[in-house]
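The structures come next, written out as structure tokens.
One chain, chain A, links the two complexes that follow: it is found with chain B in the first and with chain C in the second.
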Partner chain A sequence: MFSYCTEPDTLASLAWLTCYLTTGAHMSLYMSVFVVLLLIAITAPVALLFGFGGASAARSAFPPLSWLGKGYIAIVRGVPDIAFFLFFVIALDQAIEWLRHQALCPDWSEPIRQGNDFVVCQAAKMPLGNAPQWVHETYGFSLAVLTFAIVFGAFAANVLFGAMRAVPRAQLETAEAYGMTERQTFWRVLVPQMWVYALPGLSNLWMVLIKATPLLFLLGVEDIVYWARELGGTKTPRFTDYPHGDWRMWYFLALLVFYLIFTRISEVALDKLMARLTRGQATAAGEAQRKAVA
Partner chain B sequence: MSCWQTIQDYGLRSVGIGERLLPREDFTLCHQFTLIGSGMIWNIYFGVLALCLGFFLATALAMGKASSRAVFRKPAQWFIFIFRGSPLFIQFFFGYFLFLNLKSVYPIFDPFTAAWLGALIVLFLNTAAYSAEIFYGALLSIPKGDTEAADAYGMSGWSRFKRVIWPTMLRLAWPAYTNEAIFLFHATALVFFSGFPAWQQRGDALYYANYFADKTFNPFVPYPILAGYFILLTLVIVGVFGLVNARLNRHLPQNMRRKMRLRPNLIR
Partner chain C sequence: MKSIILTTAAVALTAGMAMADGHAKTVRMGTEGAYPPYNFINDAGELDGFERELGDELCVRAELTCEWVKNDWDSIIPNLVSGNYDTIMAGMSITDERDEVIDFTQSYIPPEASGYVAASENVDIESGVIAAQTATIQAGYIAESSATLVEFATPEETVAAVRNGEADAVFAQKQYLDSLVEASGGQLMYVGEDVPLGGGVGIGLRESDEELQGKFDAAIVSMKEDGTLNAMISKWFGDDATLYE
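== the complex of A and B ==
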């Protein structure tokens, strides 16, 4: 990157390091940090939406819908989340290809599962075999986002379900007494009030989401874990201008510090947000704030 | 080949007893149930040992964090922050490569690069940090009257800790600690996906589930089996911890006892 980087083996250690840390591969590493941030930015709202849907379904008066919602919430209780990540990526991929297969190749007669193979017609492949590289990468990333959203949606559904039940019963009864329909009660009384109760759970979820991002690596996305392993491995002078030993430990130490800083910043920001939202609320924390000022 | 034969061949495969080669074709349901169940041995091994060892460190850390002296407080705070603030996945990777580097300098670190010890140490430190935070919260919420009563009886130091503070802390922390135990067991599934190699294909339940999903390209069988095993394990943990909870609360009237609540929002 810098002009003096043409002959790396002649450089002093500090200059060498600046050159080393700005190679093309390292730029990919820095870019993958943005992939992580992008994942969080997309997943958080989508998961919240899933969670809202799940929680609303769980408290529905229509039994099958309520079972569906409760089942969705319950799947996160007994099973390791990593198993879901590994499961959903393949399952979603196969489900999409199967649907496309049904739609695009109706006259295909052979079975889709042939022994140990999953065979769909060429046109149903997703992404198409001749698609450019970036389509493959985007498709892989979207699958990962959807998987994250499903898993975290279940977490969020659990939090929101609890928050909906935490809203004082008297509030809902008052709404009913005013002649509001069930729908009106839900949207005008329950939903606006539940956020205060949901916030501690949701901020916890945010921290959890940050800490789950390295699992992207398991979903086959070239994320920071992937690059740390790639770049840290032993490099011989034959293949690179910057030979070095096994530095993976240092790369992962850097990742550890990165996540610690990220967590810390979120913690501080969420504390501020919580303080802002409790201002004037009739909760214990709001009371404490008033006392502190007076 | 009968299912009984398969169980004999693969029942203890994950610890290296029985058939050496994993099945390569004609995967039956029996194969999948047996091997994934065999892998659960590792999950239970990691979970139980890390939990038992971590319990003591967690108590020490919680006391340290609640201490008024900075010499004890600061290290405990940093330890807890580091292990709770970073993903377990990264901790595993870092631990593995750290041990790998140490091994090249000191041969004594050789066993540490194997999962049975290296991953156990990482899990132990991790669960200690998470449990310490739970215990610390419980320490802070010990009713003031309890400690005042201890003072009034003239207790101090060790006997005050052993007879009043520690049991009360455990009693208050137990429901949250049950969740921690459940999620520790879930976290053990990460071990073989995070650097630590599965020597001679002796892996945990998820390792085998993943093996079958890769080979058959059908995730709809092995992962639900894995899920079933983990749900069973979760139920056992809830049962055992419930017994302990009942014992810790045996002096309280029925309506004062703390309810066990499962709160599932924890990933490391």
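== the complex of A and C ==
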């Protein structure tokens, strides 16, 4: 990075450190911070969408839809994350390739399952075998977002399901008395009021999601914990210009600070959001807010 | 001037397309990236090591377009058989158990010794606590012995366990341990006898991928015959390393 970095072992400690912290490998570490932030930023709304869909389905009056919603919540919540991540992603990937294989290579004669092997024609590969590495990475990233969204969506669905039931019955009865249809009651009365009951549960999920990113490496996405472990590990002089002992403690300490700052910012933002959602609500906190203004 | 640039660009483009046609398939090479000198991440953040250099040379000889992919050791075989990449070059010893699930080319590193490294001379490797990486032949060997096995996901953690006293010794391929012992300044040392394990290191492939296996086998044979493989082994593993005759 800097011009004086050509012979690191001759440098004083501070200059050495500036060189060390700007190696290509460290750049990958800094990049992975953005990857993680991007993943969380995309996953959170998608998971909320899954949760909203699951919760709406679970409280549906139409039994099959209700079973679907409740089944989704029960199954995904019950399966350990790591099992889900290992099994589901490989299965999903194979399902996509199987479908493409059926569509694109109808005259393929060999079986797809050959013992342990899963073999589809080259044209059905997802992404294509000759696609550049960034396409593979983006595909892996999208699979990661989808998997995270399904897992966290199930938890969010349960939270929202509870929140929908926590809205006082009197509110809904009033809406009905005004002649609103079921759909109108749902969108105009129930949904706007449920958030205040859902937020504590959702904020928990948000905090867990922030910390769940090391699962990403199972999906081939290199997150910050992977790089901290990799860079902090012992480096011997034969393979690097910057040999050092086991520095994982310092790297994990830096991660600790990063996560603490991140969760603190989240807490402040969530508190603000909570205050905003409480305004005008028929809850104790909403009542207190009203009195404080009056 | 402009037209020259345009023509050059056009020529480059068509050449690129011709290349792409000739090598319609990119061979994706899976490795771990945490096992120096076999494979590791260098200062520039790129994959480096004996297997990187060897793999690139093999691809040139077999006229293949290759691309490297990093994968956790734990899931390196499942991801191969499900087709996420096409080969494994990750210091993986050829064993009967693995051969049931995947295929190997002939070895590109001759059968090598595994050794015990400890933080003091008087460690009991017969009945002590021995660290090894999960799903390796070394872990299998310790599990069968009378010693207590503790497994770790990465090679780094197995050595760290010895440094912080969690394990009495680490058991691994000596060529991985060599540089660590050398750099530890006397803190770490070899103890006990070396143990010859496994049938050498080979490229792991899907059992259905016989064509690719043939190409890599031929390339390995050609490198063995002209002596470039031995030179590469000496370069990365030192002059004491076992060579092909």
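Quick note on the criterion: the second predicted complex is superposed on the first by the 273 of 294 C-alpha atoms of A that agree within 3 Å, B and C clash if a C-alpha of one lies under 4 Å from a C-alpha of the other, contacts with A are read in each partner's own complex, and residues count from 1 in each chain.
As a convention for this text, a contact is a pair of C-beta atoms (placed from the backbone, for glycine too) under 8 Å apart; a residue touches a chain by one contact, two chains touch by 3 or more.
The model shown is predicted, which means the values in this text are computed figures rather than measured ones.
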State whether chain B and chain C clash or fit side by side on chain A once the two structures are superposed.
clash
Touching A:Gly220 in the superposition: chain B (first), chain C (second), both, neither?
second
Just checking: does A:Thr240 make contact with chain B only, chain C only, both, or neither of them? Give me first, second, both or neither.
second
In the overlaid three-chain picture, which partner chain does A:Ala275 touch, first (chain B) or second (chain C), both, or neither?
neither
Which superposed partner A:Arg248 touches (first chain B, second chain C, both, neither):
both
Tell me which partner A:Val120 touches in the superposition: chain B (first), chain C (second), both or neither.
second
Scan A:Met27 for contacts with chain B and chain C and give back first, second, both or neither.
second
Name the contact category of A:Leu86: first (chain B only), second (chain C only), both, or neither.
both
Check: chain A residues flagged as touching chain B and also chain C 86, 90, 94, 116-118, 217-218, 229, 246, 248
Which residues of chain A touch chain C once you look at their complex with the stated criterion?
23-28, 86, 90, 93-94, 97, 110, 114-120, 122, 125, 129-131, 133, 136, 217-218, 220, 222, 229-230, 233-234, 236-243, 246, 248
Where on chain A does chain B make contact in their complex?
75-83, 86-87, 90-91, 94, 113, 116-118, 155, 158-159, 201, 204-205, 208, 210-215, 217-218, 225, 228-229, 232, 246, 248-249, 252-253, 255-256, 259-260, 263-264
Would you tell me which residues of chain B are touching chain A in their complex?
25, 27, 81-82, 85-91, 93-94, 97-98, 100-101, 186-187, 189-190, 193, 206, 209-210, 213, 215-220, 223, 226-227, 230-231, 234-235, 262, 264-268
For chain C, which residues count as touching chain A in their complex?
20, 23-26, 28, 33-34, 36-37, 40-46, 48-49, 65, 67, 69-72, 75, 78-79, 81-84, 86, 101-102, 154, 156, 159-160, 163, 179-180, 182-183, 206-209
